[in-house]
Amino acid sequence: MVLEVHNLQTHLHLKRGILRAVDGISLSVGEGETLGLVGESGSGKTLTGLSLLRLLPKGSGRIAEGSIKLDGQELTTLSDSAMARDIRGRRIAMIMQDPMTSLNPVFSIGDQVSNPLRNHNIAHGATLRSKVIDVLTQVRIPSAEKRLGDYPHQFSGGQRQRIVAAMAIGCTPRLLVADEPTTALDVTIQVQIIALLRQIQADTGTGIILITHDLGVAASLCHRIAVMYAGRIVETGPVRRIYKSPAHPYTQALLAAIPRLGDKRARLQAIPGQPPSLIDPPTGCRFAPRCPARMDKCAEPPPTVTLADGHEAACWKLA
Amino acid sequence: MSASALPARRIPWAALRRLPWLPLLVLGAVGIAAIGGEAISPHDPNGLDLSASFKPPAWQDGGSWDYPLGADNLGRDILSRIMAGCGVSVIVAFYAILFSGSIGALAGMVAGYFGGRVDAVLMRLIEIQQSVPSIALALILAAAMEPGLSTVVIVIVLTYWAWYARIIRGEIMALKGRDYIAFARTAGVSTPVIFRRHLLPNIFNTLVVLGTLQVGQVILFEASLSFLGLGIQQPDISWGLMLSDARQYITNAWWGITMPGIAIMLTCLSANVFGDWLRDRLDPQMRQL
Amino acid sequence: MLALVLRRLWQGAISILGASVIIFVISRLSGDPVVMLVPPDAPPSLIAEIRTQYGLDQPLVWQYLLFVGHALSGDFGNSYRWQMPALKLILDRLPATIQLAACGLLFSVALAVPIGVLSAVHRGGWIDRIGRIFAMLGQAMPAFWVGLLLILVFAVQLNWLPAFGHGTPAHVVLPAIALGWYPVAAQTRIVRSAMLDVLDSDHIRLSRALGTPERLIVWKYALRNAAVPLLTMLGVYFAAMLGGAFVVETIFAWPGVGRTVVEAVFSRDFPVVQAGVLFTSILFVLSNLLVDLSYGLVDPRIRDVR
Amino acid sequence: MLALQNVTKHYKTSRGTVRAVEGVSFEVRPKSTLALVGESGCGKTTIAKMILQLERPTAGAIAFEGADTATMNAAQLKNYRRQVMAVFQDPYASLNPRLRVGTIIAEPLLAHESPGRAAVEKRVAEVLDIVGLPATAARLYPHEFSGGQRQRIAIARALALRPRLMVLDEPVSALDVSIRAQVLNLLADIQLEFGLTYLIIAHDLALVEHFSNDVAVIYLGRVAEAGPTEQVFAQPRHPYTQALLAAVPQPDPDHVLNEAAAAGEIASALDPPTGCRFHPRCPLAIDICRTTTPEPRGTPHQAACHLVEA
């Protein structure tokens, strides 16, 4: 396993109280595997990604408990300078949502793409330049060597996301955390970035954590899916099982709530209510207040039930 | 995150409990001295007493509590003169802020909301205004007119209206782009109602904050002009004028230039701290001003 | 780029023209300007002569055009007091003022940039707090008072530095500090808030996520982004220095334009006042022009967009 | 009910003329839903702004029940504004945070009628009930509600005057997946109940197929394809529509995306391609596509493509 996370708890210390944004999740990513972390806003998926890099909001964010192991090495106890030197950008890299803002507008892309290579002592001098051209060519930036001196605003949104990907893969990281990498893009561009991520994985064998709210994007890219709700993983399993035979009522409800092409139902199955506050979350199953299959038992924490090889769900109904 | 995602900006009475008391105390004292005038000052501020000439502050050798902050070259009580100077500062600040604020706000609102040619003309006017340094403007005004309180006010208004106009214009333009104003326009709500309901409440807070923050600047400006001899004239008393008088005796009497300066500093400091506090409460988005 | 330069030049010319209107109109506010152009005891024949000579019997618009015409040919009239062309008087004093303003700006920027950056990086820390206190104090102290205090302490009491005059580098220290003191506060605020904005941006977050050392993030990647507001600031504050120079030059007996104009106001030496103020405005507009043109150096977007 | 005829909008900027909308025509049938679909920058929002009279068309006509909006007098325009209401994308930006919900909802009401206080309160309570919020909501401020609830308030406000046409600009794209269905169902319900006509602007094709009766696919300011939703989605004729549909990820791991359907990137409206604006990305482009703008062919299912038989 490239990454193994066990019982991770990330808290945000706010004025209103402690927000348990990530509340005891466990997951793993294998070599060449893509894990989809699927959930709605506020489900804790983005903070999970930032926890892996230990880049939580300064002052308020804290990893309260749990372990994060990268190739067997524990990250939660590593010093911050060691994280910056050996982990971030070197062994775990990141792609963010908005390509229009994730590149520095006043530095040339040559400088920005070479920056991680230089900082991590991957290449210097003349080899640095050829390496940068290589990486840019790998993400299919046309005539890369002529464009090293260009600035981000001279590229389109899709190209910028390719450049961000180039910055991320330059040091051939073991794990790529992609936080909504296609959400800000148009459909026809989105499909190109999906293809690019697939190609990067085929070329380098990197593990990918894809953080997304879009069940379509997750289905097209992931090998396994972990569905998050209110700070917890409610169901995890191989992609086919999650979409074809979802076990947790939340996963089922989510899949029923989205319109699909070619599917002309008159009404969508809405999920009533809203997610709970994570400052003072319910003790039992967090989806219970909105769940159609709610039982008395749901007031207690639900057990994690193994349904098939690698397919687990936390629900009393399945126990 | 968009600014409108903030909680509704009602007048935050709860927050008023944590008033900045010290600055308010200083400003209150200035206000009382301005209103009370000679009635409450220990000496006649213009009263000469050559025997008390260059009397140091009370805590120094040779000082007496009769002249707590010392006396100037003509033996006039510095404390009484500082108290008398409060009046000028308050009057100048009041009129200058009232006029520059209303002119600037009106220009800014009109230009910001209607845009186009009106806006272009205003922006050019602001640019021109800003190409004459305000002290230079004061100099030619003083050369052309009698220096005095009203000249000081006119100069400050001519200088600061553009500051208000620019900020209010920017705020109106930002507000104008908000979806709730777009909705009001599409729903047929009339322009005066849009101004009253959506624009003025926002602008009002901004104006209050800008006005408070301007108090300190106006006081400094008045002091500078009076110091140069282009502002308040004898026998009226202003802090800047006191400093100008004391300047030539800088080697004999350090208190002459120190005490009025401290009065200026404390008043400005208090006004600025209070303004910052107001801004943080009423208009957290303006923090960089 | 050339088009941009030309457009900014044109706009600058308009501004200076506008400034000349302001100066002209105000100088006519007090009524008959001849009174200011002649000695108080001038005989009526001289007044009439000067009136015709300066075209003051003509309509106001024509008078303005005459004023501009004369100004363009370098004729602002003769200084009554110094008996020499006002223009030459001002031009002679201009270098000293520029020198003082530049030193003042250097002092304030050298203080404001590091304090602002460190305040933003250690937001809420001790540098931030001390910076805030200093900023608060700075904004409450008029430049002339700072100047007097500096003279009191460093010239009168300690006798370290000269209080008056011009010539050696030591002479410029106190006036430059007095001039640069007030803007430090506002500049620190601008740098701090610009840095806070940048440090909170996605691209800095990405830089961190890719392991860029914090030192590089702050002093290279973030600071260059913050440079645009910083540059704007430079233009505005160089201009403010020119304004402040009127007061500071008077205190320190600095032989610059400011002191000359202040003295001219008291001797009602109107040609000198007009020339001095107009040249301050020109300097003002030129400095803003330079700043506008230098944006392109730090921000590549501006190079392409306009 | 609403008809756009050759509507064009050009913006003059310092960098040149932005041809945001170019000769767009379509018609919205009463009590039905027409969807405008397209990618960002295609001009769909500009079209909505023109319909809402926030912008004036550079050329062309927008007619409401046969009357040209450009020639309306003040009273007619006011009546038009009363009949046409808008719901915007971001429920955080579209409600004034300083006003109580009751005041927000009553805003259009008070602009057109002068009912008494009690009448206003009654109407507000009525529409709040329709959108599924308690009458007590009127006394609260927007920040006390979640995104989905705020969008309900925005819908209530648009509904207060019982308009005929509602322009829905991406009404659910700012909401979470589980909340979207609630709001979409609500919109469908009130359409049926009050006989409303909808013009919805969206980029989510599955949503459009689900929600609309007719659709117009916009590419770079022009209508590429338009017609009854069922026909357009079942048999897309324009290569752009085909590419769009092939690129939508499906919540189905067996679905294969067609990555080659539309290569390259969208051109700039500052300098749109000649001829068919899609030709640089079109896998089927032939010579005529580069030179001649294709006219729409077919009715009611029309496509503006040289390769489509009339």
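When the chains are written out, they are named A, B, C and D in that same order, and each has its own residue count from 1.
The definition used in the following text is that contacts are C-beta pairs under 8 Å (C-beta built on N, C-alpha and C of every residue); 3 or more make two chains touch, one makes a residue touch a chain.
Please read these numbers as outputs of a predicted model, since none were measured by experiment.
Q: Shared touching chains for chain C and chain D?
A: A, B
Q: What is the set of chains touching both chain A and chain B?
A: C, D
Q: If you average the CA atoms of chain A and of chain D, how many Å lie between those two points?
A: 32
Q: For chain B and chain C, let me know how many angstrom lie between their CA-based centres, rounded off.
A: 21
Q: Compute the distance, rounded to whole Å, between the mean C-alpha positions of chain A and chain C.
A: The mean C-alpha positions of chain A and chain C differ by 52 Å.
Q: Which part of chain B faces chain D closely enough to touch in the complex?
A: These residues of chain B touch chain D: 2, 4-10, 178-180, 182-190, 193, 197-198, 201-202.
Q: How about chain D: which of its residues touch chain B in the complex?
A: 52-54, 77-78, 81-82, 84-86, 88-90, 92-99, 104, 107-108, 111-112, 141-143, 154, 157, 161
Q: Per the contact definition, I'd like the list of chain B residues that touch chain C in the complex.
A: Going by the criterion above, the answer is residues 124-125, 127-137, 139-145, 216, 220, 223-224, 227-230, 240, 243, 247, 250-251, 254, 257-258, 261, 264-269, 272-273, 287-288.
Q: Give the list of chain A residues in touch with chain C in this complex.
A: Result: residues 53, 55, 83-85, 87-90, 93-94, 96, 98, 101-108, 115-116, 119-120, 151, 153-154, 164, 167-168, 177 of chain A touch chain C.
Q: Show me the residue ranges of chain D that touch chain A in the complex, using the header's touch definition.
A: 39-40, 146, 148, 176-182, 184-185, 188, 203-207, 209-211, 230, 233, 243-255, 257-259, 261-262, 265-266, 281
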